[in-house]
Amino acid sequence: MNLDSLYQEIILDHYKRPHGAGLRDPFEAEVHHVNPTCGDEITLRVHLEAGTVSDVSYAAEGCSISQASASVLNDLVVGKPVTEALQVLDSFQALMQGKGQVEADEEVLEDGIAFAGVAQFPARVKCALLSWMAFKDATTRAVEESA
Amino acid sequence: MTITAAGVDYDVLKVREDFPILGRTVANGLPLVYLDSANTSQKPRQVVEAIERHYLEHNANVARAMHTLGAEATEAFEGGRTRIAEFIGAPSRDEVVFAKNASEALNLVARVLADAGRLGADREVVITEMEHHSNIVPWQLATERTGATLRWFGVTDDGRLDLDGIEQLITERTAVVSLTWVSNMLGTVNPLDVVIRRAHEVGALVVVDASQAVPQMPVDVASLGADFVVFTGHKMVGPTGIGVLWGRYDVLAELPPFLGGGEMIETVTMERSTFAPPPARFEAGTPPIAQSVGLGAAADYLDALGMENIAAHEHAITAYALGRLQEIDGLRVVGPQTAEERGGAVSFTLGDIHPHDVAQVLDSRGIAVRAGHHCAKPAHRRFGVQSTTRASFYLYTTEAEIDALVEGLVATQKYFGG
Amino acid sequence: MTITAAGVDYDVLKVREDFPILGRTVANGLPLVYLDSANTSQKPRQVVEAIERHYLEHNANVARAMHTLGAEATEAFEGGRTRIAEFIGAPSRDEVVFAKNASEALNLVARVLADAGRLGADREVVITEMEHHSNIVPWQLATERTGATLRWFGVTDDGRLDLDGIEQLITERTAVVSLTWVSNMLGTVNPLDVVIRRAHEVGALVVVDASQAVPQMPVDVASLGADFVVFTGHKMVGPTGIGVLWGRYDVLAELPPFLGGGEMIETVTMERSTFAPPPARFEAGTPPIAQSVGLGAAADYLDALGMENIAAHEHAITAYALGRLQEIDGLRVVGPQTAEERGGAVSFTLGDIHPHDVAQVLDSRGIAVRAGHHCAKPAHRRFGVQSTTRASFYLYTTEAEIDALVEGLVATQKYFGG
Amino acid sequence: MNLDSLYQEIILDHYKRPHGAGLRDPFEAEVHHVNPTCGDEITLRVHLEAGTVSDVSYAAEGCSISQASASVLNDLVVGKPVTEALQVLDSFQALMQGKGQVEADEEVLEDGIAFAGVAQFPARVKCALLSWMAFKDATTRAVEESA
């Protein structure tokens, strides 16, 4: 298991220059998630407009993988209809939990395919999923809110 | 002896080769006849070697470690959980909580239900008169602390659960019904379906003590329908130091933690903590890592033999033993007299020879049985005896061993009678 | 490397031969450099073989069995208790209670003190900001249940217990003071004498979490003067699944049971039960039998090396590591900077490279360290960090391994810096 | 370990015809002891007169060893000054817990020396000591009572 297969250039780029970082208004739901094992944390807000994810803003403290993953999340879901965003989430989650056996779909995951290598490092899968699980939680609440 | 169930041969002599201890001699060179498996089972080489391999090749702490060894140890430990979930037909591996033994698992349920306020002064807990102390004392302690009332099913003269009056016993006031599946003293297999149906009718939770069931018969918790099922590693050819609490996820998810510390947290400040979801919430501190590996290997071992075959063997050997024991003058089996709906533990009295003395004479002949109250004092009292001798059988027990027991009992009568 | 203490040579390379796992390779063939012993220690062949032999030759349940195998198993199990009593200088073997790990032992004390009414609304419990979660959460849960108040010692900038104001912190209201002997994160060795003196002045009980102390230094509970001392098997070359609570007999004897069932009873009726004296009162269900055997073998192993020698080695290797680590630009040790009054766990930050990333690069070089909060979130918060990387050493750690760590850290900086 | 070394003739005789069995008045202390492992029980009363054990009466349910031991206890302590009776107890206890390494003193223990073999059966030592521990407990209470 090669280090570079984990720390892809794309991941390190997102880590150093995260997209959409910071907490912004307006938002319908804010959640705080923790990785209990290491203490990594994220506060994440979702703003929905007419069934579309119009913003995902966040303040995260964590390792390169978890930070880069939040940045990629922002890229992939902002501007998408909620249902489609949740499909992207399903694909990303399937890739992460696939133990390296799941083929990544570049059409859907774009930069997210750089995380394929993470699936081979079981201890890091949680890092990659932290922001995505927070997004799922926040979106569910936001949808309920508006229902 | 060869037993055939579902068309598969069960070769007990071949099985015995996996258990080096069964080749041992005791009492000045006599071969060991181990008839105390309801107390603890023997361990096959496969289980012991899995534990050894884990310690010497993959040992690390779990969950917390980011390194290769930690990942291996975590996979091995969590693999044990997955294996046990499969073994008992749990809908989700997150429903399998590891405890140190069955007793802790029962106490866990009693404590957290009490802490959750489910056992208030107006509530009742129902157990039975045939329970092991480990399914009596936790409920006594819990109801005493909360002011709830403890009630119980009686036992009929032939050692069956007395279901008369079940509707008056299990009522809207009942918070929990906790009962054994297979009695470790009487051998009785209880009609769980009837009890679970009534309990769920009134909204009570059902806890099943399956300590003597899981080792002996195929178990599928999903179709059983109970809310909690408890069992213990060392009685199912697994290691000591591990027990299992299976709980329905939605029930577990609503309960507060049992012990605090280690990986059961979500976040901790000096002022307060929040807790992880099940099963982690109920597993404080470094878990029984090597023991989970051993228990997984035990499940593998049992499945390789086939639980159907093991159950068929247990039934056959119990039937044989009941028949042969009842040939002995003055021997009285306490519990069901036939092998129907009955597990492989047979308790008996032998005239007025005290069970200690029976066990001692048998031991001098290499035969290991248990003498005493078998942690079931109320069940003994129910039958007017202070103690009994118990012979119990398992997947490695042979008819020849039963014959040796019978001879030994006859010799005991001579020793103390003459 | 050879260390001499009390005139005895300590040959670490020879010691390593007892640990087959240390000869392993990881990460594509690199030799394992195991620097995570504060998390769990590796096991020598001697310990694993003692467990194996027990299962395959002497396995039976204890206390309850009258037969030869039962007598052998009981002697082996109780022999482990006697051995541990000797190892820690306990005045009586009946003061040694087996739990499943240190966390359970701490929870046991917190639960039974609460159940005994010792933690009422007007009472206080004092802990410290450097505790492991396992010595925080049980007291949070217990004080929350009883209405008592939780207070704590702070930590100074150099990672020492802040004793200023000890007289205002530990007062007549204090029921219990519970603190760690050696911090698993900072490495700090606490001045227990000062705390114990003050606590006993006001009649408070003292619980010492010796999880990181007993593995590393000679311990004599009789001269220590605390009321309870807790530690865990897996950190002292022993098995998982066993922890130890030592308690002063007169204190234990006054406390109610923790869990119910099995051999902790004196007599049981359906209505009520009475309980056995300590230690049985606190050991519900089948105990960790094979684990006691393994823990006894661990004590034998440690004593054969000599706890004085182990402590001297730990001190020397910690001093060497602190020196070499501080050569690295941007590395900040969190905790005491020198090896004085310090155990062998060194936590640090490396610039702003996240500990996960540090640990990952090290792992790719075969080096196992821990990254995260090490179950000590409040201590991390105290130092303004969310997580650290921790290297921890034990009786088999060599200077060459420290050198490998230092090289690995420099390489990590290059990997993320360039 | 020979069965006959445990079940000496003397023991079996005491078992079949126990001396002093039954509960009698008067008494200063009555105790109830249980062997938790097997459930064997004894209720035992002590009657002291002028510093002498004038009666030990008991109702016991238990195995041959525990019953015979109660019978021998009765033989050995009734009529003796309390201090002397407690010395006999110490000798008997030392013999039982001596793992077969302690020499029995026939002068002191009389029929009690037949229990020497029991010391080699660890599981049975508790049986032999049940009545003696009850006697110790009852005597301590009786002495405190009269103090």
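Chains: A, B, C and D, in written order; residue numbering restarts at 1 for each.
Quick note on the criterion: a residue touches a chain if its C-beta (ideal position, glycine included) is under 8 Å from a C-beta of that chain, and two chains touch if they have at least 3 such contacts.
Owing to the predicted nature of the structure, the values given are computational and were not obtained by experimental measurement.
Asker: Could you state the distance in Å from the CA-based centre of chain A to that of chain B?
Answerer: One centre to the other, that is 45 Å.
Asker: What whole-number Å value describes the gap between the mean CA coordinates of chain A and chain C?
Answerer: Chain centres of chain A and chain C, defined by C-alpha means, are spaced 37 Å apart.
Asker: Could you grab the centroid distance between chain A and chain D? Build each centroid from C-alpha atoms only and quote it in angstrom.
Answerer: Computed from C-alpha means, the inter-chain centre distance equals 76 Å.
Asker: Name the residues of chain A that each touch 2 or more other chains.
Answerer: In chain A, 37, 39, 121, 124 touch at least two other chains.
Asker: Where in chain C do residues touch two or more of the other chains?
Answerer: Where chain C meets two or more other chains at a single residue, that happens at 27, 64-67, 70, 263, 265, 267, 356, 360, 371-372, 377.
Asker: Connecting every touching chain pair, does the picture come out as line, ring, star, complete or other?
Answerer: other
Asker: Would you please name all pairs of chains that touch?
Answerer: Pairs flagged as touching, ordered by label: A-B, A-C, B-C, B-D, C-D.
Asker: Mind listing the chain C positions that touch chain A in their complex?
Answerer: 27-28, 354-357, 360-361, 364, 371-373, 377, 380, 386-387, 415-416
Asker: Contact residues on chain B for chain C in the complex?
Answerer: By the definition above, chain B touches chain C via 20-21, 24, 26-27, 32, 34, 36, 39-40, 42-43, 45, 47-48, 51-52, 55-61, 64-70, 99-104, 106-107, 115, 129, 132-138, 140-141, 145, 150, 152, 232, 234, 239-243, 257, 259-265, 267-273, 284-291, 356, 359-360, 362-363, 366-372, 374-375, 377-378, 381.
Asker: Write out the stretch or stretches of chain D touching chain B in their complex.
Answerer: 1-3, 6-7, 12, 37-41, 61-65, 121, 124, 127
Asker: Which of the residues in chain C end up touching chain D in this complex?
Answerer: Residues 63-67, 70-71, 74-75, 263, 265-267, 276, 280.
Asker: Give every residue of chain A touching chain B within the complex, in rising order.
Answerer: My answer: residues 34, 36-37, 39, 121-124.
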